[in-house]
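Here come two complexes built around chain A, the first alongside chain B, the second alongside chain C.
Entry: the complex of A and B
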């Protein structure tokens, strides 16, 4: 089965120019997503996951943040050369995004109906015989909001966190996008609600065959919902491959350490494994491989030269000197 | 919304009652009016007779009740200075002039402040923003009375473009209203700019942009409505400032309004006139603040459903 590639990111670099210096938030990231496929991007906080996503929709915080180089090919067209006006026609229609905090991501001053109907209004739909209202009710049903006819008249503050996240999902899928980016969509939800929401995302994906990029720091979520995974560290992707391969045979020492740190059922160990040290300050990255100060297998060359990207036998990729 | 509105209205009425007490007590604190009304060589009996006639011989709480009873009917007694005319009648005669000036200044501050504030926030750190910030700085640093005098010097005396004083057509309105409004414009501009900057950084603005909305809708629909609450609060405060500023501007520009009338009343201890005038201004002020409160409810559903 050959699936069409929807999104291909090539050598993306997004830097922040601050008074303290240049922060290389995203430093040469490449990955791709196919139709109907879900890709997980996992990493610690501040490793550049969210900025990668915001770069794709060209909403990097201005004026400090700037996309320096790279290509973002969406269905073959480079989004980075598009004008802002053109870009607007892609947002919401072809690429949608769910933000991480449902409590602050809806406008507190407008009703749910008002906010969910906006995508349809942008589409230029006319409101003959309550056309838009019907669409709003439909999409709210799709994200399983009970009695949408009544609830859509409410304001966001009358909704629970989980329900608000569903409303955001409804807004995101309203115009049937080809790609949905979910930026840690379950971080602020209860575990049970998390599970419901992830299942909802998977169902929606199966119905429409859209591509899904799931950003998370929770490897459990990756294992549960994704087909492929990219592990990010300090603005770079250090390893990528199918979820099975990466989880069972991690190639990069960082991935290996992450897997080691997962709690295991039936293990007698009392204390969980932990990666020593902290993620590096993006303003002052160590020379060579960014991970060497915390790496147990670091060699001399790791401290001076960045490792190349190595293709693995199982189809994945990793960048580490150990693999050379 | 109805419960919220009712609560606000009741609070407004309570405020009016408290204001009436303050006006009553404050005017009695300013000294004995009989010495002003009678010639210097008046006998004790004559003074006593006048005090009894004006009700000044009774204890203060009783005086207040009489005052309140009449005040409810709009009767604040006769002015001592404008002999034999009802104080309220004189006040209402002058009210339109003040209303015109205050309304012009208020409208100017809200519209200019809001517009410049939004533009300054959305065009952060470019020419417009710098212009806005400079304008605000100058406005906040200059007292209105000085600005008024300088304006007369430049535009009336030197250039002869605008009339120096009095009320008439729109050219008379320009200098007095600007000289009171500038400070308020600056305050509203600054608060609009800073709340807009906060709001524009929020997640729901990102959501609005992610939908593919144009900047016009993002700013004027999604951001502005959320930034309006602090701006409205500031407008309410500025209204008080404007009503105060009107007194000064009316004096400088000889504007035949309430402010200058009340000022004269204070100089001549014209109880009735001052009481009626301050009462009317207070009512206007309380009504405007009530309106501000009600608008809060319209703008932000969280307030209305509280």
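Entry: the complex of A and C
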């Protein structure tokens, strides 16, 4: 079965021009998402995951941030050459996003019904408020909010964190997007609610066959929900491949170190492995491979030249001099 | 719930039923100051004892009823033309209310729209609007009002326009600041992601969150507007004699301070009560809208 590629990002570069210098938040990132597939983008905080997402919907914080080069092909069309007005019609309708913090993402002034009906109103659905109400109830049912007829009259502060995240999911899927970007959707939820919510996401994806980009720093979430994964470090993707391959046979030393740092069940309790040093300052990246100061397999060439992207035997890709 | 369970809410500060508690909960003092003015302003013509502009030189400079020589029918006395002061006070409330309410509304409309625009758009629009605000704020309000009144000619409309032109900067500055902080909130990002246009975000998502601020500001500005109106009328560029206004009463009564103190005094008290009332109301509203104090 060949699935259609929905989103293909090629050589995306998003830089921030600040007083202190140019911050290369996203520096030549490429990946693709197929229909019904979920891609995890994982990495430390500040490695450019969120900015990658915001670049896709063209909402990079202005005026400092700018997309320098690259292509974002969504269903074959380059989003970067689109006009803002055209782009706005695609947001929400074709590409949706679930934001990080459900506690602040809802407008405190309006009822849930009011906010969930917004996507429909934007669409210009004007055949009666009853019709919209039915749709709202429907979509709230899809995200499994119990007794939506009653709950939708409540205000956000009357909802718990998990419930609010579901409301956000409802807003995101209201217009049946082809691609859903979830930017750390579960960071502010506790584990049991996390699990429920991830299952909900998976189910929704299977129902509608949409593509899912899951941004997270939690490798457990990646393992649980994603088909493929891209590991980011300092604005670059250092390794990508299927979840199985990347987790079981990491090719890049950074991925390897990340896996090493995960606590394992059953093994004797000892101090967890730790990646020495700190993530680099994006203003002053080390020359060559960004990871070499922390890499215990670093060679001389790593310090001077950035590594090429190598295709692995198992179908993945990684960029490291060790693999040459 | 069983009776034995007593939550904290069952016995708030109100259990020891104190006056402070009542004053915090209900705007009693501001209401006492403002209600008479509002009632007089709206229903004044129905109950003033005399025609406020009718002169009767035979009964000029009569003292208030509670002083020797006073007459009950002229409860607060009469001025140098024999006009009933109580009726004039009531009529003055109409003018003051009219000017301040419309002045505050108009300036609020201008100030809030420009403030929201500056805050949300940022960049050049922000620079231009806020520099105009800065420039205008460096000119004393009274001076600017006098200039405008002199340029536009005297009259109620002129004063309303002048007050709007002077006051919009106050709104613009506060609203801009609030908008800047609101536009970084996540729900605005969500609105963008959902595909809202800029106008929609401003009107539907940012404006409702500003309403409490605007209400507080407007109430505080109301007092200032009354004061400005009275000041310029006192200075002679505001309303002119056939009209009745508090500022005018003070200005006319100034000469009789030594012999008939009641002419400027009651008008002054009326101004003071109204301004105090609207300031206190503003404070009360601010506390009311503050979620941290809302429990009280």
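Heads up, the rule we're going with is that the second predicted complex is superposed on the first by the 321 of 324 C-alpha atoms of A that agree within 3 Å, B and C clash if a C-alpha of one lies under 4 Å from a C-alpha of the other, contacts with A are read in each partner's own complex, and residues count from 1 in each chain.
We take it that a residue touches a chain if its C-beta (ideal position, glycine included) is under 8 Å from a C-beta of that chain, and two chains touch if they have at least 3 such contacts.
These figures come from a predicted structure and were not determined experimentally.
Engineer: Superpose on chain A as described above, then tell me if chain B and chain C fit or clash.
Structural biologist: These partners clash in the superposed model.
Engineer: Touch test for A:109: chain B only (first), chain C only (second), both, or neither?
Structural biologist: both
Engineer: Would you sort A:59 into first (chain B), second (chain C), both or neither based on which partner it touches?
Structural biologist: both
Engineer: Can A:118 be said to touch chain B (first), chain C (second), both, or neither?
Structural biologist: Once the two structures are laid over each other on A, A:118 reaches both partners.
Engineer: So, A:89: does it touch chain B (first), chain C (second), both, or neither?
Structural biologist: both
Engineer: Given the touch rule stated above, what does A:155 touch, chain B (first), chain C (second), both, or neither?
Structural biologist: first
Engineer: Between chain B and chain C, whom does A:77 touch in the aligned arrangement: first, second, both, or neither?
Structural biologist: Neither: A:77 stays clear of chain B and chain C.
Engineer: Please indicate which partner A:168 is in contact with in the superposed arrangement: first for chain B, second for chain C, both, or neither.
Structural biologist: In the superposition, A:168 touches chain B and chain C alike.
Engineer: A:99 contacts which: chain B (first), chain C (second), both, neither?
Structural biologist: So A:99 meets both chain B and chain C here.
Engineer: Pick out the stretch of chain C that clashes with chain B after the overlay, from 2-10, 38-46 or 200-208.
Structural biologist: The segment of chain C occupying space taken by chain B is 200-208.
Engineer: Once the complexes are superposed, what residues of chain A are shared between the chain B interface and the chain C interface?
Structural biologist: In chain A, residues 57, 59, 63, 88-93, 96-97, 99, 101, 104-110, 118-119, 122, 168, 171-172 are touched by chain B and also by chain C.
Engineer: Within their complex, state which residues of chain C touch chain A.
Structural biologist: Going through chain C, the ones touching chain A are 122-123, 185-187, 189-197, 200, 204-205, 208-209.
Engineer: In the complex, go through chain A and note every residue touching chain B.
Structural biologist: Residues 57, 59, 63, 88-93, 96-97, 99, 101, 104-111, 118-119, 122, 155, 157-158, 168, 171-172.
Engineer: Under the touch definition given earlier, write down the residues of chain B that touch chain A in their complex.
Structural biologist: 124-125, 202-204, 206-214, 222, 225-226, 299-302, 305
Engineer: Considering the complex alone, what residue numbers of chain A touch chain C?
Structural biologist: Touch list, chain A to chain C: 57, 59, 63, 88-93, 96-97, 99-101, 104-110, 118-119, 122, 168, 171-172.
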